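Pasting the structures in now, so scroll down.
Shared between the two complexes below is chain A, which pairs with chain B and chain C, respectively.
Let's look at the complex of A and B:
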């Protein structure tokens, strides 16, 4: 689709001065951006280079000490920060394919004119309006070691021993991942439904005349034409997954043994429980850098796609 | 009777009544008061403030309620910028940190005396919660504590007539309460501790569960930190105390392994467990369920003293900018004194708090109420305070408890690992406090 703007009248006289009006329009946002983004980020960087406490009389410059701590294996920060980064990466790796695959599957099912379509669309979309604490408590209860529904089914219906999901390393991820998919899949599904609606039926009619199977139609028509929306869903889901915080906090509190502690959760602990603000600031910058690299890579892929190189 | 004589008599009467302190007589001041009582306790606090304002024409208290977490984040900035409120309520887990960072100012003996605040009227350990390096920084206004809820019906069914107060009694009662799904008792051949139908005591894996370990360690003469304020919860006394609790699961089979607080709470409500140690804040819930239950002090697991964990809130005076109006400080102390008087504390217990002083615990109002079962030992409740790095100590301690209780590590290994982690973090935190 090409956007054609009404052609502006050619200027009568070429002005050498840059036009002022666009900048005036940008000014309010620029001011907010400076005050609420640039300044805090800069101040945060200053904090990370000093031994900083609002109440301290001196805030000595310590250079990169807090960054070095993150790479010195003998410090708790190095141990727990990279542990929480690994946890976050693991969560992203597991949950993103599920969140995209499930969303696409549901969208394909609910795009067809089946009975109760609107009802099911609502059913899958509605969990997304819950707050993270409600969602977290719900899934914590579902997977509770003793009273959870999952274990009740195991013991009472299947006659299997109960599994202590919440206190077993590794298994504790199950309620977090399943809960997150249940909670957020509706949003991606809605995006896919909208994209499916934009695919012209004529492609499918032509394919049917050629005798294409359902799989072939999906493989050669639906999937390629969903490309741009898949990329969008991929980028936003990866970024959202990296920001994992509330789910692990409510469902497992980061346990057992910090195996489900997310990066943001550890940074919060370091800042507000340990009162090590400079250390937390340094971690935030390292974390931010990793996110930036990811976003950069994704933008590269998106740009390639936009040029039709993918 | 002349006017001056009647005044003398009145003063004498006041002195006899124990209220012989100089009332604030300065010019009219307005105090800002920041507190975190934002739940069901908020209307009670607001009522008290109204009462204070009505009876103190030259002091107007303007209160602001906001979540505790917001206060902890804002207080340093407010103090640093010279805009601190006149009075702030700080909780036991935060107070030493704010004291060590210089956010609150000490209350001198002379000031306390002038305002009529007598330390001796409070429970000793409760008042000391806000002490640091020999000085006092706050006056307790509210208190919660770890208690043992017990199910009277189940105990009766199992033939237990006495609420256990010692380690031996607890173990005996817990064994009597325990039956597996096939009806076997601990010690009988074929007893299956993994499939319990009823059991003796609730243990669980979160921070609330770990407060029982804290009580046991204190009872054994141990502590969380040593004299230099380094973590010390792996002392022989601590290991012995925690080992007894873990043995309740692993050796005696009278508590469930790998349980959560919700699961134990549900089990206690359903009459499956005799003793449920937890915060006294569950009182309302059990009363609402019309359960036949009682409340007792945590049984004496250790060999040295009675002890249980408690949380508390303290009225404090933040550090103010130079040139702060001295009248405001005097008025604030008057407010603190009034707010922590027995009459006000009695009102405050409606908000779910325990009495902060014996004078209130003895009130007729509590006679026959389940909670009065712990009143005799309210003086043995200890907060986790006195060291500025509560996060650095309690995080590793709670984790160590979870690892020991779940059987992931031996008690000694779990506590050693926790202490090692805590001390590494304390070493870093010390730099910030220099």
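Let's look at the complex of A and C:
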């Protein structure tokens, strides 16, 4: 074992006083961290316990009133907030399997050599570089009620009537989900491609000698060995889906009738359009707590799964 | 260190014995056709964007649909670029400026923080590290409202300060660099220390040059994060000249609700710089992503 760095360097300066240098290094980060990470959390909670009107002189303490409102079904806050939470959960439920399945499918199609592989990889990854507003405008146009590409194909090629996707409850999710898959699937695909490349071929050779079908090889070799990546992809994709904001804002603006309004969108509406900062702060704490519980559960369940299978 | 890991197996697997070789051609053809179909689906929105942006407004809504622009024109681009409702090039510049400043400060700050956490011994080090790491568990939305109220108090609304400072102290960057610093051999540092170098000199002349892959990875993440940020700038910047690109383009979308020719021209302009950057950096970007945090 070699001497550790601080010890090796210390002799000149080592005395009884505690080391100052490391704390000097940490100082800039510590200041920013305290001001912009630690303090806002406490401040946000403080705000949620008071009636925070930007124009009012006083900000009276109201305790848990804003939290109680969220659990009182007669208040509009409770209705709209839980509606937006349901929408976010629905989006997550639908989009996550699609984002993982499609990514894995594309990776399986691409990981063995094939003509033009680099080109295909680039094409599937490409949409991810666009900013969310460009992506949203693009898919709003694709699904435009009258003349978008999807309706153009319906009317001009298939001789079907146009469908008003964007203003039909339920159908309005189509451009949002399809657009999101198109936009982000390349990222997950890339992670899967790297993982597939790391699986040793000797497993497959052994299986082939035993006469395994491709499905059997996938089921008993590929899928289990992809476990850690799938865990990573699953957790990051769920967290990203919870953050749903830009897609619905740009594509449907949360409509029709708030059926596609996401949780963050409603929280920001409550704060910046209704000037209800305390109410919005309370909502973000509830939302944050739900996210936290989900993250925690995912790690627990997935960790258990990984142990059980291996 | 980013490049080699996926490569060896990529070329290795193909033929093992004669049967494999005989099967290859018929088995690969459907796969290739499927990939081509998928590529067409993935490129369709991009094609439709470019095609629409080149049509005069009457042709955009023409029936039957014009699959290719029959009377191509650059009018939409000209109008968007000279629009009195906002200057798209200005927004691009704002985004670039904010993202560049943010990236440099963030990487420097994280390196400065990660170094003592990885290489020095002092009371409270582990507690500090875990406290920083724990902050990753706090969902961003929790600090959104209070930070906005702080920006009001600082008078930073409509100022680039609001876009740069609040996100700088990110735990992920500290974690990434600390892990990388720990993996570096100590010998070089010790040699430098024995020659009388200060710890700052060691960091600058020894540790950072050795950590270039990690610094670049973090830099790319920081830049992309700032460049694509949408939620925060939407609320903290309202002054039309101070908008960043994603937010600015979205104001166009609210203004030109039905003028898709102009909207598509603006999205095309907004995409061109990232498209060029992507084509140049594609290999490194994809490989960097696939090796980050997924070492088995």
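Convention: the second predicted complex is superposed on the first by the 267 of 310 C-alpha atoms of A that agree within 3 Å, B and C clash if a C-alpha of one lies under 4 Å from a C-alpha of the other, contacts with A are read in each partner's own complex, and residues count from 1 in each chain.
Criterion: a contact is a pair of C-beta atoms (placed from the backbone, for glycine too) under 8 Å apart; a residue touches a chain by one contact, two chains touch by 3 or more.
Fair warning: this is a prediction, and the values are worked out from it, not measured in the lab.
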Clash-or-fit label for the pair chain B, chain C on chain A | clash
Check whether A:28 is in contact with chain B, with chain C, with both or with neither, and answer first, second, both or neither.
-> second
Would you check which partner chain A:160 touches, where first means chain B only, second means chain C only, and both and neither mean what they say?
-> neither
If you stack the two complexes on chain A, which partner ends up touching A:280: first (chain B), second (chain C), both, or neither?
-> second
Of the two partner chains, chain B (first) and chain C (second), which one does A:272 touch, if any: first, second, both, or neither?
-> both
Name the contact category of A:206: first (chain B only), second (chain C only), both, or neither.
-> neither
Contacts of A:144 with chain B and chain C, given as first, second, both or neither = both
Look at A:216 in the shared chain and tell me whether it touches chain B only, chain C only, both, or neither; answer first, second, both or neither.
-> neither
Larger contact residue set on chain A - chain B or chain C = C
Could you look at A:75 and tell me whether it touches chain B, chain C, both or neither (first, second, both, neither)?
-> first
So, A:54: does it touch chain B (first), chain C (second), both, or neither?
-> both
Between 199-207, 235-243 or 271-279, work out which stretch of chain C sticks into chain B after superposition.
-> 235-243
Touching chain B in one complex and chain C in the other: list those residues of chain A.
-> 54, 140-141, 144, 146-147, 272
Which part of chain B faces chain A closely enough to touch in the complex?
-> 69, 72-73, 76-77, 79-80, 97, 101-103, 194, 205-206, 256-260, 262-264, 266-267, 389, 391-392, 395, 399, 402-403, 406, 408, 421, 424-425, 428-429, 431-432
Quick one: in the complex, what on chain C touches chain A?
-> 5-7, 9-14, 16, 28, 31-32, 34-35, 38-39, 42-46, 48-49, 52, 60-61, 63-65, 109-110, 112-113, 115-117, 119-123, 125, 128, 132, 135, 137-150, 152, 165-169, 174, 186-187, 189-190, 193-194, 199, 227-228, 230-231, 234-235, 245-247, 249-250, 253, 260, 263-264, 267, 270-271, 274-275, 277-278, 282, 286, 289-291, 293-294, 296
Chain A to chain B touching residues, read off their complex | 51, 53-56, 74-76, 140-141, 144-147, 161, 164, 166-167, 253, 255-258, 269, 272-276, 279
Along chain A, where are the residues that touch chain C in the complex?
-> 2-9, 18-19, 21-23, 25-26, 28-29, 32-33, 36-41, 43-44, 47, 52, 54, 106, 109-116, 119-127, 129-134, 136-142, 144, 146-147, 149, 152, 155-156, 182, 187, 190-191, 193-195, 197-201, 204-205, 208, 228-229, 232, 242-243, 245-246, 249-250, 263-264, 267-268, 271-272, 277, 280-281, 284-285, 287-288, 291-292, 295
